[in-house]
Each structure stands twice: as C-alpha cells, then as structure tokens.
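Note that chain A is present in both complexes that follow, paired respectively with chain B and with chain C.
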Partner chain A sequence: MVIEKKFLKGNPLKDISEYDFPGLRRALSLGQENVIQEISDSMLLGRGGAGFPTGTKWSLALEQAGDKKYFICNADEGEPGTFKDRFLLEERPLKVLEGLMIGAYAVGADEGFIYIRGEYDLPIKIFREILEDARDEGILGKNIFGSDFDFDLTLVRGAGAYVCGDETSLINSIEGKRGISRIKPPYPIQEGLFGNPTVVNNVESLACAAEIINKGAGEFVALGTDNSRGTKLVSLSGDINLPGVYEIEFGCGTLEEIINDLGGGVSYGNKPKFVIPGGLSTAALLPEELNCGYSYEDIEEAGSSLGSGAIIVVGESRDLVEILLKVSRFYMDETCGTCFPCREGNKQINFMLNQHKNKKFTRQEVEIIKDIGDAIAAAARCGLGQTSLSLIESIFDKFPEELIEEVRHSEKVRNR
Partner chain B sequence: MKRLEIDNIEVEVEPGTTLLEAARKINVNIPTLCYEEELSIFGGCRLCVVEVNGGELLKPACATEADDGMIVKTHSPRVREVRQTLFELIIASHDISCELNCLTCTRQSSCELRVVAEDIGISRMRLNPIYRGLEKDFSSHSIVREPNKCITCDRCIRKCEEIQGIGIFANSARGPETEVTTFQDKGMGNVECTNCGQCIISCPTGALHEVYHSEGVWDALYDENKHVVVQTAPAVRVAIAEPFGAEPGTVATGQLVSALKRLGFDGVFDTNFTAYLTIMEEGTEVVKRVTENDNLPVLTSCSPGWIKFIEHFYPDYLKNLSTAKSPQQMFGALAKTYYAEQAGVDPEDIVVVSIMPCTAKKFESRRPEMNGDVDFVLTTREAGMMIKSAGINICDLPEENYDNLMGVSSGAGDIFAASGGVMEAALRSAYYLITGEELEDIDIKPVRGLTGLKKAEVPINEDLTLKVGVAHGLSNARKMMELIKEGEEFHFVEFMACPGGCIGGGGQPIRADMTSEEALQKRLEGVYSIDSSKKMRRSHENPMIQKLYDEFLGKPGSHKAHKLLHTEYTARGLN
Partner chain C sequence: MKKSNDIFLETVHNIQQTYGYIPEREINQLAEKFDQPRAKIYGAIKFYSMLYTEPTGKYIIRICDSLSCHLKDSHDLLLAVQDYLGLEDGETSSDQLFTLEIVECLGHCGEGPVMMVNDKMYTELTKGKALEILQDCK
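And then the complex of A and B:
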C-alpha cells in the first residue's frame, strides 16, 4: 500500500506576508559554494524530464566567467499528462520563488525569468501579484535581506508551443524569436539568454532546492533509492478513478500500486491496456510490466523512462489506432519545424496512420514507421524529435497481433 | 591540435574544426543540404550525421567540433540507413508530381538533391509525397518563388541576411507548416528585395529562379517583322560554356557570338562598347563634380541590385549616384536611336535583348525611368538553355566576331565583370581627361581581387589625389555607406551588389559540384586573362566611341548624351 509522502506538498502558501523565506536567508548566510555543495549532496536530479543533476548544473554555471548571468524557471509544462508544476505554481508559489532565488544567488545571476505556460491563467495571475508584492517588500531588488545579492524577476507568458518547454527554444522565445531549438553546444550554461550564461530549471526542481536548503540536504538524501533521492510529484491521469497530483517517495511502491492505491484503479475496462509512465515521449508498459518500483532506475530497466512523472493509464477497451493517431497528431503539430527528420517524419507518420483507420498495418508499413522512428531518434536536432516516436514504436512492438497483418504465405516461402 | 580518427584514418586538425571539415581534409565527403561554407550553421537537414564513439545519438558533422580521441564513422551501416530514410522524407516533402518534376525544373541538371541522391546511393523511395499546395510568388520582375519545391533549408534566408545584409526572407507558419516566405507574405516584388539573385545561387532546388524572358525572345526571333539585336555582358563570356560542361572561367566570347547568330539574332553586340561609353560619361561627370566639389563622393550606378539597395536603405544619397545609365540601358537607348538610324530600321520594329549575369537587370529593364530601352533580359543560365534547346553545343562552335558599329571594345570593358573593374577603367579615363596623359601603372592592383572593401589613392597631379573605394556584396556596400555617412572622404566609389562583382552574379550558372567561391575565383582569372591580352586598354582610345560622339552624341556630357544616356532614381525607403 503506497501512501503519499509530504515533502513538497503542504498547506497552501501564497501570501508573501506569511512567509519569511528561511531557505533564502540561510542560503545568503551559507555563501554560494556552500549552497551548491548542499544541493550536490542532496543528489537532486532535475525534474523537468532529463534528470540532469542540479548541483552539477549550478556549479558549472558558477564557474562561468562574465558578470551577467540569467536564471530561468521553466514553467512551460507542456508534456501531455503533466500538471504537477501547475500544482506548485498555484499552491506553493513562494517555495518556487524561493528556490529560484536561491539558485540565482548560488550561480551569481542578478536577473531571472519565469516562463509560465500561456494557458495557465491562474498561475500567471498568482505570480504577477507575488512579483509585485515581492518588489514592494524588498524581497526582489537590491541588497536582498541586507546582503549584497541583487535580483529581479520577470514573468513571461509562454508563446504556446510544446517545444518552448525545451530550454533552448524557451530562451529563443524569451528573446522574442521563433520558438525553435538551438544547436547544442553551446549549452545555455555557456551561452544562453542574450548570449550570456543561463541556468534553466524546472519548477519542481526549484521547489525541491528550496526545501533542501530549508531542511538540510540530509533529510532529502535520506528519502528514496540509491539513484533516485527525495520525492516526486506524479501527475496521474487517463482512465483512472482518482486522477491528480500525488507526491511519492522514490522506491516506496510500484507503478501498479500507485495506480490502484492512489489512483483508485482503472476506469475504462477492468485493467489497463497499457500505461505510459513518464509522459507522451516515453515508451508504453504492459500490465505485466507494472510491477516495477517507482524510481528512475527501475523504470529504465523496464524499458521506459520516468520522464516528467506523468503516469497516463490507458484502459483495456481503448482503440489503439485512435491513440496512435492522437499521439502522432500531437508531435506533428508540435514539431518546431526546423530539422527535416522531425518535421517531415512526424508529418509522414501521421499521414500514414490516417490512411489506416480500423485496418491492420502491412509489415512494410510497420517497417517504414520503424525506419522513420530510428532516423528521428538518431538524427533529430533536439529532444522533442528524438523521443517523438518512442511511444508509437513501443505500441507497435507490444501489440503486434492487434496492429500488424499476418505474415503472408508468399512471404513465408520467400523467407525460408 | 586535436587528434581523432575518421573512418579508421588518423587526422589532426586545428581546435574549432568541425567534423565535416576534418573529413574533407582526408577526402571523405559527407553529404549536406543545408550547409554552405560561408553561412552560419543551421543543422536542419541532418544528412551529415555521423557516428561518434559508437553513440546511439548520431552527431551532425557540420555542427560538431573535432575533439581528441574521437572515433568517427561517417558511412557506417547505421549512418547510411538513417541517411536513406532522411532522404526519403526530404523527397516526399519535395512533392514530385506532374506539375512538379525534374524534367521541367530550372535545376534539372544542377539540382543538389540529385547530387545528394547519387552521393548516398539512394536505393528506395517508399513514401507518398505530401502535397503542400502553396502558391507561387510572381510579384517580382526578377525572381520567382515556387514554395512547393522548397525544402526549408533556410539557405536563402541566411544568404540574404548574412552575406547581403538585407534579410527579406523569414520562416513563417507553425511547426509542420514551416515555410520560407517574405515579410508578411507580401511577395518578393513588394519588399526590400534588391533582385540580386544571390538567393537563387544558394537554393539547392528549383524553389527560386529568375523570371523567364526566354519565351518572349523566341517569339521575337520567330517574328519576321522584328529586327532582334542582342548584347552580351562581359561576365557572360567567362561562364556561358559552363552549362555545356566547361570549367568556370573558360573564355567563349567568339563561340557565344556564333551561337547567337545561329539562333537568328539580327545583330550581336558587345555590352563592352556601352560599358566603355558609361566610363566616358561617368568619367566626365566625376571630373566635373570633383572640380566643382558637387555632391561627393560620386557613387557608381551600373549595378541595378545596388541601385535598388540605395533606394531603399540610403535614399538621402541618391543625389550622389552618377546619373549615367548602366551599359545595358545605354545599349538599349542607342540601339533604338543611333543604330536604328544607321541600319535603316524603324525603331518600333527593333527588339533589344540582353544576356546578363544578373537577375536585377530584368528589374532595371522594367523601370519606368528607362522607357523600355531594353525589351528582354536573359540570364547566362537562360541563354545557355536557349542555345541547348536549339541543338547547339557552344564548345563545338567556331569563333565569330561581334557585329561592327558597337562591336569593338577595349579591355577596359571586360574587367567590368569583376569587382573593381569599373573603378579601374574609370580611373584610366579620368586621369587622361584631367591630365591629357596616360596613366602609366595600368594595372591598378589595390582595387582588384575579392576583398570585400577596397580603398586606394591615385595621385592625379600636384593638387589632386583621387580617393577611391570599391565595395562588392551588399553587406560591404552597407559598411562603405556607413563610412561615408561618418564622414570618411572619398571622391569616387564603385558598388556592386554581388560578391565578386558581376562574375558572381545571381544569373550565372549554378554549380552543384563546387563552392561559389571556387567558381568565382576561376571566372575572375578568365576575366583578367582577356583584359591583359587586349592591346587597346583605355576606353578613350576606342575609335568607335570617337565616331559615335562625332557623328551622333556631340561630346561626353552633351545635351543629347544626357537625354539618352542619363537617368534618375526613386527614393523608396523601407516598406
């Protein structure tokens, strides 16, 4: 039986007059290096999907030469099925702000941006007010809490494309350019916003950082498994009775338990047809694969990835072709259109799927889809393209009888 | 130095070298489509992906720097497989159909997709083309855009912005519908396009090409009542043999004349003659304006791309332009007056055709200021196509001479084709006009060559040293104009819209097999080889010109010369 572990969650905390920013105050007294050391000690991995160690990112950023650095909070949350950042932005915005300021202080940034998904009206309203209050209270501005740390934060409303969640596209978008990815290297840490060193962190990563500095790395590192420390906010959705955001300590329960104990079981049929464990860009897992612990390493071993922590349950009575079409439509629409494999590949896949409602696919078609998938995974310019066919390919792999035509007699002969 | 291994061969390269460059160093060719040496890295086509240290994710060779100890495989089974699929996708997006097919395409023999197909040994095409149904852009007098053939490699965008410094193109529409278009989709004729055609040279497919005039020329040639004359620009003769398989820089002047006669032109003339006249008129103007200190510096006016540029971006300086028409337009004006008189033909029946290395000349011929002096302008490419479709291989032809009257030229005209050429020719004549003596050091080297911005000082007499400048390519033109704006002193400045001058013009043959830089260098050598082999090298020594002034125009700068050979321009500003 899994139960929620409340580390990030807590009572709503929105009123700036009720909060004293103890984490930030502690950070200012610790000094930059010590803050980063503590984050490194916590073994926090970025919660935006890629799982890059936050401590490493910050220490690389601190090492960068140059007086001007930027710190950006990525609140674009565009991965389908992911809505945990929204929870933090609405319920615990001051923790997010605190984490952001701790990070900015640690790496030596005096200017920051919070890029909030365009459709997130309430979080935008909340942050607009918080920024105003924080400036009035002197929490943003010069010599914060009597230190020599100056910082100002600007809110940017997302331009409305999934790809703008990718840090390099997000930076282009803040600069007022087309939301398309940039070639890496240079990485944002080297050359980011307006050509200056820039750290981009996910909302949840920053909330974690705030709590780590607040409570000390020890408490955080004691939670979870060897390679996945702390807790994770999971967005449970799909054919499930109790969808929502749940906080789970890594390693304390399997995917199956999370779905049944917290999610109240499957709502469309008796059992899942399959489960997407980490957002639309991760491979599907079959019901028999769900007995897998909830941690980065266990889900990877099961052949998928924890991604952004979005668990999407697909009930047993769902039509696979319809799902394939929806997924493919999403990637086709959301490609930034810069590199050929992603733009043309996703278009072509959608085109092929559209011609095949209610019919099985020939083996040649499946081979083409697989070839396109391989080419995109190997050659696309950014993460969007590289993972855009993970789910579709895995569905073909896992449901051959339902999707693929029988091997024809003539082919059997030829292959003998 | 960085040491690495590419396809089992050890390579040592300077830090900062990309894998693409490193591979070229050991003669391994990695296919590319969106890459162009002189442009910024785009990393869109992904054809250049290679395996680095056996990693799952392939790396784009154009955007990956060589590093110590890298093991690179440029043609491993996996890489080749991925490339094949990428190419299938590109072709499917390129929409080959009845309307859009290789046979009727302007780039039928110079298409980079075909080169790449051969390079990667494409063996399959399993995908259906996806029709995009975009409209063609016919708004410009010079350039047509066919967006359905566009593969969105953005080379035109980068060429226009980075090399020419204009930036009329941009990506528009969202994600999968991403296309290349002009600002607000206004069309190339309604934005600050200078018509230079450099974008055409960069386009790997047939998505950009000139507005064809060849049909009109065929009609005129077939019409028995018309007297059709043609002029050929100096840069054409060092490039016209290229579509027939010759190297750039191959001089085919006489063969070109003979091909045009076979096509049925009633008179074949050399634009050099009027280039020479331009020098006389412009030289006279320079001397007058320098003596009177009137609106200095004098800016040359023979490159129509440059003219459109200054009309848009520096309209305040239009008064500095020389009022002399370009050689193309002078020829047209004289053909319909002096020549008509001499040949006894009604000017109404004369059709004037030009063969130019240039797409902007098409626009120039359509300027209301020019009274229709020139009826049709063919690019070098179009002329090549016409000659081919008449069953002629230019390389097999005997040489013939230009028709007389406007035919004899001095070497001073040939170097018009290269950047610095106008300046050099004008200096020769200006020196003579002022001092009555010949300029001894005839090869005025500092103004030659492919350096973008050139300056020189030419002592004329004790009181006067002429300060001259030369800029080619519009980014350099902008830099030069900024120098002038800041107050740097010049008497006379030459501008050419295209990098390298007319030999690198937007109407020249497109090479799928070499970089434009290489082609430029070879054509340049061709031009200077013609010039130094000519005996008569000073414009003012040409006897035909003397005759023209004596019989018809009076003297340089006369009233009649002004009426026929000078013009004015239009302040356009920004759209």
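And then the complex of A and C:
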C-alpha cells in the first residue's frame, strides 16, 4: 500500500511574519561551498523535467567569474497534466522563496527573478504580497540576517507561451524578446540573462533545496532509491477517481500502486488503456508496464520518462485518434517556430493525423510521421521539439492493431 | 538592480491592465523606452498569446482543452459555451462583451473541466454552471 511521504508538503506557509527562514539562516552560517556540498550530497535532481543534478548546476555557477550573476525561479509550469508547482506556489510559497535565496547566496547572485506563468493569477498575487513584505522586513535587501549577502527579487509574469518553460526561452522572455530558445552552449550558467552567468531552477527543486538545507542532506538521501533520492510531487489527473498532488517517496511502490492506492483507481472503464507517466512529452505505458517502480531509473527502463511527475491516466475505451490529435495540436500551437523542423514538422504531423481513414493510418503514413519525429528530435534546440513526438510515436508503437491498416491479402497478391 | 518597470513583460502587462490591450501609441513609447525598433517590440508582443494589440471583449473566456481536461469532457463544455456566445476560437462578440479562446493547459488538470473568466478560474464545471457564470457577465 503506497502512502504519501511528506517532506515538502506541510501546513500552508504564506505569512512572512510566521516564518523564520531557518534554512536560509543555516545556509548563511555554512558558507557558499558548504551549502553546495550539502545539495550535491543530497543528490537532488532538477524537478522541472530534465533531471539535471542541482548541486552540479550550482557548483558550476559558483565557479563562473564575474561580479554579476542572476538566479531565476522557473514557475512557468505548463506541461499538460502538471500542477504541482502551482500547489507549492499557493501552499508553501515561503519555502520556494527560501530555496531561491539559498541558491542565490550559494552561487553568488545578488539579483533574482521569479517567472510565474500569466495564467497563475493566485500565485502571482501571493508572490507580489510576499515580495513586498519581505522587502519591508529586510528579508530581501542588503545584509540579509546580518550577513554580507545582498539580494533582491523581481516578479515577472509570463504571457501564455509554453515554450518559456525552457530555460533559454525564459531568459529571452525576461529580456523582453520573443520567448524562443537559444543555441547551447553557451549554457545559461556561462552566459545567461543579459549575458551574465544565470541559474534557472524549477519551483519544486528550490522547495527541496530549502528543506535539504533546513533538515540536512542526510534525511533526504535516506529517502528513495540509489539513483532517485528524496520525494517527488506527483500530479495525478485524467481518468482517475482521486486526482490531485501527492508526495511520493521514490521507489515506495509501482505506478500501478500509485494509481490505485493514492488515485483511487481508474474512473473510466475498468483499467487504463495507457498511462502517461511524466507529462505530455513522455511515452505512454501499457497496463502491463505499470508494475515498474516509481523512480527515474525504473520508468526509464520501462521505456518512458518521469518528466515533470504528471501522471495522466487514459481509460480503457478512449478514442486514440482523438488523443493523438489533441497531443499534436498542442505541439503545433506551442512550438516557438525557431527551429523549422519543429515548426513545420509538428504542423505536418497534425495535418497527417487529420487525414485518418476511419481512425486508421497506413504503414507508410506512420513511417513518415516517425521520420519527421526523428528529424525534429535531432534538429530541435530545446526540450519541446526534442520530446514532441515521444507520446505520439509510443501510441503508434503500442496500439498497431487499432491504428494501422493492414494491407489486405488480395492487395498483397496484386502488388506482387 | 532592475526595477520591475525595467522589465519589458511587466511594463506591457501593466499597459494592458490599463487599456485592455496594447495601443499603437504605447508601442511607440515602448520602442523609445527599450531602445528597440517598433517592429521588434511588436514582434515580441505578438509572440505571447495573452497579449493583445487589438481591443478584446470585456470578458476573456479561456477554456482549456488539453488532454486531462479533454478527458473530463471539456469539449462538450466548449461546444455549449461556443453555442451560447456564438463565437469561434479567438473571436470577439460584436458588443465587445466576450472574447473566446480555446487554450492549452491552465494547470488545474485535477479539477477539469476548467474555464477562466479574465483572471478568475472556475473548476469542475458543468455546462449549466458555465452558462450561469457567463450570464452574470454584464
């Protein structure tokens, strides 16, 4: 029986007068290198979807020369099915602020931004108030808690562009440009916002960092599996009885157990047709593949990815073509258009999917779709393009009888 | 230190809050303030789906039809709203009261289907509830 493990979750924490920032105070007394060492020891992996080690990112940023560095919290949550960052921004915003300030202190940044997607009206209001209070209380400003750490934080509202969740697009967006991705290298830690070294971290990663410094890396490392330490906020949605945000210790159970024990089982039909384990950019898993453990490595071994932790359950009798069209329209609408294989490819794929005959495709059509997908994955600069076909291709792979028209025997004979 | 009115997106949001859209004269001023050609300013604004260079309806209705909401029958909700308003995706009513947009994930996937009316989010909607909300928009 899988139950929640609360490392990040807790009582609402929004009132700055009721919070003492113990993690930040401890960080200031530890010193920059020790803070980064502790984050590295915790083996925290970035929670936005890519899973890059946070300690490594911070330590590379600290090594960068130059007086001016920026620290950005990426709160542009937009991966369909994902709403765990909103949960933190609404319920535990002070932990997010604390993690952001710990990170800024550790890498030597004196200026930061929190980029919240424009549709998140409540989180924007909450943060606007928090920033005002924090300035009044001297939590933001000069010589924070009597140290030599100066830091100010600015809220930037996004304006409806999924691609800005990519860190280089997000940086362009803060700079007042179109939110298109940049060529890497240089990576943001080398040359990011306004040409300066910049760290971009996801909301959940920062909340984790705050708790790790607060409680010590030991408590975090003790949770989870060898390669996936700690807990993960999982967003459950789709054809499931008890949707919501759940905090799960890695390796505590299988995907199937999470869906049944926490999610209350499938709400449309008796079993899932398939499950998307990490948001719209990750490959589908069949019911018989759901006995894989919940960890980065186990889901990867099952042929998909943990992504942002958005588990979407699709019920037994759902129409696959309708879902394919939904997914492909998303990428067609949200591609930024910079890399043309992503811009034109996703458009062509949507066009081809619309050409189905009685919800079937020919083998040749499926091959062309895969071909375009390969070209996009190889040529796209950012994660949006690279993963835009993961789900669609996996659905074709896993449901060939349902989607692919077999060449009839008589035609085979005729073609000979 | 950057102030929030040094940040282009924040400035543009504030202009839009005042006028409901970004009028051309403001684009001229933005070009001066940020020392950019007008075409760049216009190009940046047009990139973002929540920024408008033409007046919109008093109420912007956004309905999510991403996968999780779609599985919660957002399409039926959308058809009912389209029918009630007589609008297609992206259109504004002739009385300038409503603009309708079909949008991607609004981050309330566990409470679908969802509809945003300007800044306000309505979750777990039925067709009836949605139409009631729209009837109150005057």
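Keep this in mind: the second predicted complex is superposed on the first by the 405 of 416 C-alpha atoms of A that agree within 3 Å, B and C clash if a C-alpha of one lies under 4 Å from a C-alpha of the other, contacts with A are read in each partner's own complex, and residues count from 1 in each chain.
Assume a residue touches a chain if its C-beta (ideal position, glycine included) is under 8 Å from a C-beta of that chain, and two chains touch if they have at least 3 such contacts.
Worth saying up front: this structure is predicted, and the values here are computed from it rather than measured.
Contacts of A:Ala161 after superposition on the shared chain: both chain B and chain C are touched.
Taking chain A as the reference chain, the count of touched residues is higher for C when chain B and chain C are set side by side. When the shared chain is aligned, chain C comes close enough to touch A:Pro80, but chain B does not. Touch criterion met: A:Asn346 reaches chain B, while chain C stays clear of it. Using the contact criterion defined above for the overlaid structures, shared-chain residue A:Gly315 touches chain C, although it does not reach chain B. By the document's definition of touching, of the two partners only chain C reaches A:Glu175; chain B does not. When the shared chain is aligned, chain B comes close enough to touch A:Ala378, but chain C does not. In the superposition on chain A, contact of A:Gln386 is made with chain B only, not with chain C. Contacts of A:Glu111 after superposition on the shared chain: chain C is touched, whereas chain B is not.
Contacts of A:Thr335 after superposition: chain B is touched, whereas chain C is not reached.
When the two complexes are laid over each other on chain A, chain A has residues 161, 178, 333-334, 336 in contact with both chain B and chain C. Residue ranges on chain A touching chain B, taken from their complex, read 161, 163, 178, 183, 185, 332-341, 343-348, 351, 364, 368, 371-372, 374-375, 377-381, 386. Only residues 77-83, 86, 111, 117-122, 152, 154-162, 173-180, 235-239, 243-245, 268, 276, 280, 310, 312, 314-315, 318, 322-323, 326-327, 330, 333-334, 336 of chain A touch chain C when the two sit together in their complex.
Every residue of chain B that touches chain A in the complex is listed here, in rising order: 41, 43-47, 49, 56-58, 60, 63, 65, 78, 81-82, 85-86, 89-90, 92-93, 126-128, 130, 151-152, 171, 173-178. Listing the residues of chain C that touch chain A in their complex gives 1-4, 7-10, 12-13, 34, 36, 40, 43-44, 47-51, 62, 65-68, 70-71, 103-112, 116, 119-121.
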